[in-house]
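In what follows, chain A forms one complex with chain B and a second complex with chain C.
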Partner chain A sequence: MAQVLTDFLVMGALYTLVAIGLSLVFSVMRIVNFAHAQMYMLGAYGTYLLYGQMRWPFVLAVPITAATVGAFGVACEFVIIRPVRQDPARAMISTLGLLLVLGGLALMVFGQNGRFAPEPLAGTVFALGSRIDPFQLADAGLATVVVGLLFSGLHFSRMGRALRAVAQDELGARLQGIDVGLIRTTGFAIGAALAALAGSLIMPLTTATPDMGNNILLDMFIIVVIGGLGSIWGAVVGAFVLALLQTVGVTYLGQFSILIVYLLVMLLLLVRPSGVLGYQST
Partner chain B sequence: MAEPAEFAVSSDSSWFEVRNVSVAYGRAAPVVRDVSLSVHPHEVVALIGSNGAGKTTLLRAISGLTRPQSGSVWLDGTRIDKLASHAIVSRGVVQVPEGRHLFPDMTVWENLLLGAHSRSDSHMIRDEAAQFEERFPILRKLSGRRAGTASGGEQQIVALVRALMAKPRLLLLDEPTTGLAPQIVAEVAKLINEVVVGYDVSIVLVEQNAKMALSVSQRGYVMEQGRVTVSGLSRALLHDDRVARAYLAVKSERPALPHESAGLQDRGQIHGSGTN
Partner chain C sequence: MTTFATRRILTRYLAVIAIVLLAPLWLGNNAYNVSVAIGILMFALPALGAWLLLNCGIWSFGQGAFASLGAYTTALLLMRLGVLFWPALLAGGVVAAAVSLVLVYPFLRTSGVVFSILTLVGLSALDETILLTPPITGGGGGLIGVPAPPSVTVLGVNLATETGEYFIIALLLVLALAAVYCMDRAGYLRILRASAQNEDLAEAVGINTRQCRAAVFVFAAFLTGLAGAFSASYLQSVQPSVWDVFPSIYIVAYAIVGGVGSAFGPLLGTATIIFVASELSSSSATGSNGLLPILLGACLAAVVLILPGGMASIGSGVVGAGRRGKSRLRRGGV
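Right, the complex of A and B next:
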């Protein structure tokens, strides 16, 4: 029981990071970034290299990986999206291309086999009468802290307000003297870094594979369909609903729970296409 | 088309100047054709004309949202028409666009802070926003509310104060009274006068409500089909036959559009000539 609960917490927290990143990029750029899923994969491989191979401390490997992928996101935004930004459809196809290219590159560099790294926190903690993996708890805690920091940054910093301004009214933002291009790049970088952070944090719990990005792609979209694209709280709600059905649901209802996920998605698309808390175009 | 008529416009060197600006969208025919206008310090200049005359496009070009095809824009001896829109704002040319474009899901307070985004003296900003709230009690009432929930008139005041938070030298107001009830139109007009005196700014006021615009401004320009056709002192324009016939006439050539009726209907004598 306790193990299922920690699985749920970790999965929910990490899904939240990925989904908030996707939502943030969508909010400021008005495009769905398919390559977002590969930022998650890059995060896992980055941590595999720094922590698993080079034996850096985990707490150092994770932020450096996330920052590097964030910087890589800036490069991608400049080279791949900016030239075609005028046409959202082309921009989205570009990100789809990036998804395929990065997946292919990972396959070439790391091969098909999964890459392992040991968990940083050894041992077990006893709680609620059962064994709990302390690293999983630390993972969930860290992700929660990052989401909290992001939330307060968006609300109480000048840059955060500018990001939200661009998301809500681009013309209005331009006329307040906000450099919209800079804000877009910043948003893209933060989004990429958040996905990479999720990949980094989950790496010791799983194996890094070239198709882990593709595997989370569907989950990512299920989350934003449930919660709504462009809303932070929507991303949190969607992430934990999906995590609940994939952990607690599967344990107690079996694979039927996965069917519930798709039924829920279908139902939401029918009755509330913008998601529970989503951006509604006006 | 009428010849440009001049009514004793002073000819000293201009502080803000639009010189022979033409603007076109894509390969279509220009929407603004060879327009020149000037603004002096502490002056309110009205820009009137019917829907589609090119007024909003001209403001977009001044704000750097659309690049002029030809011509130039000058502020205080510096050419600004090649600058990015955020650089134009930080030089003190600030636009309140038609429809206000507040950030609807942010509080009124946050909207005010965003108005000061271009400024470097960020430690002053909160104090100044608080001062504005003291000066305009309606803002204090609205402060913590989402801007999107405020009424049209309230939003117009928020938008104007948000622009003032940028410490502008030149304010570009695009249709500030469209869709507002007559008594609120009068309030906005009063506010425009206060602002010029109290905050050391000049104003370009774009309006379809020609009578209001000409009564709060010192000079005016009339735009028709992308060109300035008449310009001069607002007092004179108010009594100019052509202007009166086209923009201050009693009988309307077309029924008022729904968004105009709230502001204009009760005044009864103002309409656009409806070219587009």
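Right, the complex of A and C next:
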């Protein structure tokens, strides 16, 4: 029971990081970023290299990986999105191209086999009468702190308010003297870094594989459409709903739970295409 | 009555059809070359369907579901019921089209990104259903031992050989291209493009955009189902992974890389990417070493950034420039 609960918390927290990033990019740039899933994969491989191979401390490897992937996101935004930003459909195709290229490169460089690194925190913690992996708790806690920082940043910092202004009304933001291009790039970088952070944090719990981005692709889309595209709170709700269905559901409903998730999502989208908290569907 | 322009379009279609049908002469008896060519056509057929969908502004990343439906239908008919090859092949396409007919109207209540995600989720739901019903579908292991086409010699080609298989899929693609030609001549493609470019305006001139999209979706599902049905018999097995999420994304990508503006785009895109990838890696056409996605992804980004019309516009771009030049001359004359 406690293990299921921990799994649910960790999964929900990490899904939240990925989904908030995707939703942020969508709300600021109005494009669906397929390559977002590979930022998650890059985060896992970055941590594997720095922490698993080069033996850096985990607490150092994770932020450096996230920052590096964020910088990579900036480069991607400049090269493949900026030239076509007027046309969301074309921008979507170029991110799709990036998704395929990064997935293929990872397969070429690291091979099909998963890359493993030991968990940074040893030992066990006893809670609710059963053993719990302390690293899982640390993961969930860390993700929650980052999400909290992000929310306060979005609400109280100048940059965060500019991001929200661009998300609400691009022309209005421009009229207020906001550098929309800069904000778009920043939003993309933050999104990429958040996905990479999720990949970094989950890496020691599983293995880094070239497919991990591809595997989270569908989950991340499901989360943002459950919550409503472009809604940050919606992404949080969607992440925990999906995590609940995938952990508690799998435990109590068995193998049918995944199919039930898909069917429920289809039903939701057909009845309410804008999602639970969505303010628009594009 | 045929004007010069329509005759030129017909000539182009006939030329492409001739290339498809005469390719075995060039490929010779090299089994590897023929298998790559079969892999190309097996994906070009669904890509043609995706191309039609793109032309009416629909992004479906779940086309693999229809191919899987076709593949499992045909495999089960051949293995369990002993149905003859051709009816079983056709049934694969028909079942895919029937399922798409049930789904299309609810799905079309959504549009844009939500529609795309809905198709992705639908495909995953089908894959999951396949995994959960091993008594019928064989689960994750799939169905193995699907009968090959009958060993009949038609026009000097044995259908059970690699070359025979090539002609079966080539025939399906040629018929599909002929259907697209008829749609082109009937002005139907222009109606589709109008509904993609400006839905309100298209509705205002009396186009039922919803019905157009529904019809195209069902036709695309039929083509995709046929390709899946063929794959079952050609690979002599069906596995859910053959027509998974990523093959479905590739199908759309091939159509875009080839060019959304030309009916030959899907074939051109599929042929170029799979041929180059197989030449570079000399492995199977589906490619498990990452080369195919790298190549396809790079071409996708390049097409978007540099060549919006896709590969098919490379040649016609020159023609177009020439025509523009002429009209400028004419304007200068006046």
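In this text, the second predicted complex is superposed on the first by the 280 of 282 C-alpha atoms of A that agree within 3 Å, B and C clash if a C-alpha of one lies under 4 Å from a C-alpha of the other, contacts with A are read in each partner's own complex, and residues count from 1 in each chain.
Here, a residue touches a chain if its C-beta (ideal position, glycine included) is under 8 Å from a C-beta of that chain, and two chains touch if they have at least 3 such contacts.
In this text, all values refer to a predicted model and were calculated from it rather than measured experimentally.
Of the two partner chains, neither chain B nor chain C is touched by A:Ala71. By the document's definition of touching, neither partner reaches A:Leu60: not chain B, not chain C. Judged by the number of chain A residues each one touches, C leads among chain B and chain C. Once chain A of one complex is fitted onto chain A of the other, the partner contacts of A:Leu149 are absent, as it touches neither chain B nor chain C. Looking at the shared chain after the overlay, A:Leu253 reaches neither chain B nor chain C. Of the two partner chains, chain B is the only one that A:Asp179 touches; chain C does not reach it. For chain C in complex with chain A, the residues that touch the partner chain are 59, 106-107, 109-114, 116-118, 120-122, 124-125, 128-129, 132, 245-246, 249, 253, 256, 288-305, 308. Remark: chain B residues 63, 65, 84-86, 89-90, 94-97, 100-106, 110, 113-115, 117-118, 122, 162, 166 touch chain A in the complex. Contact residues on chain A toward chain B in their complex (touch as defined above): 158, 161-162, 164-165, 168-169, 171-180. In the complex of the two chains, the chain A residues touching chain C come out as 32, 80, 83-84, 89-94, 96-108, 112, 210, 214, 217-218, 221-222, 225, 229, 255-256, 258-259, 262-263, 265-266, 269-270, 273, 281-282.
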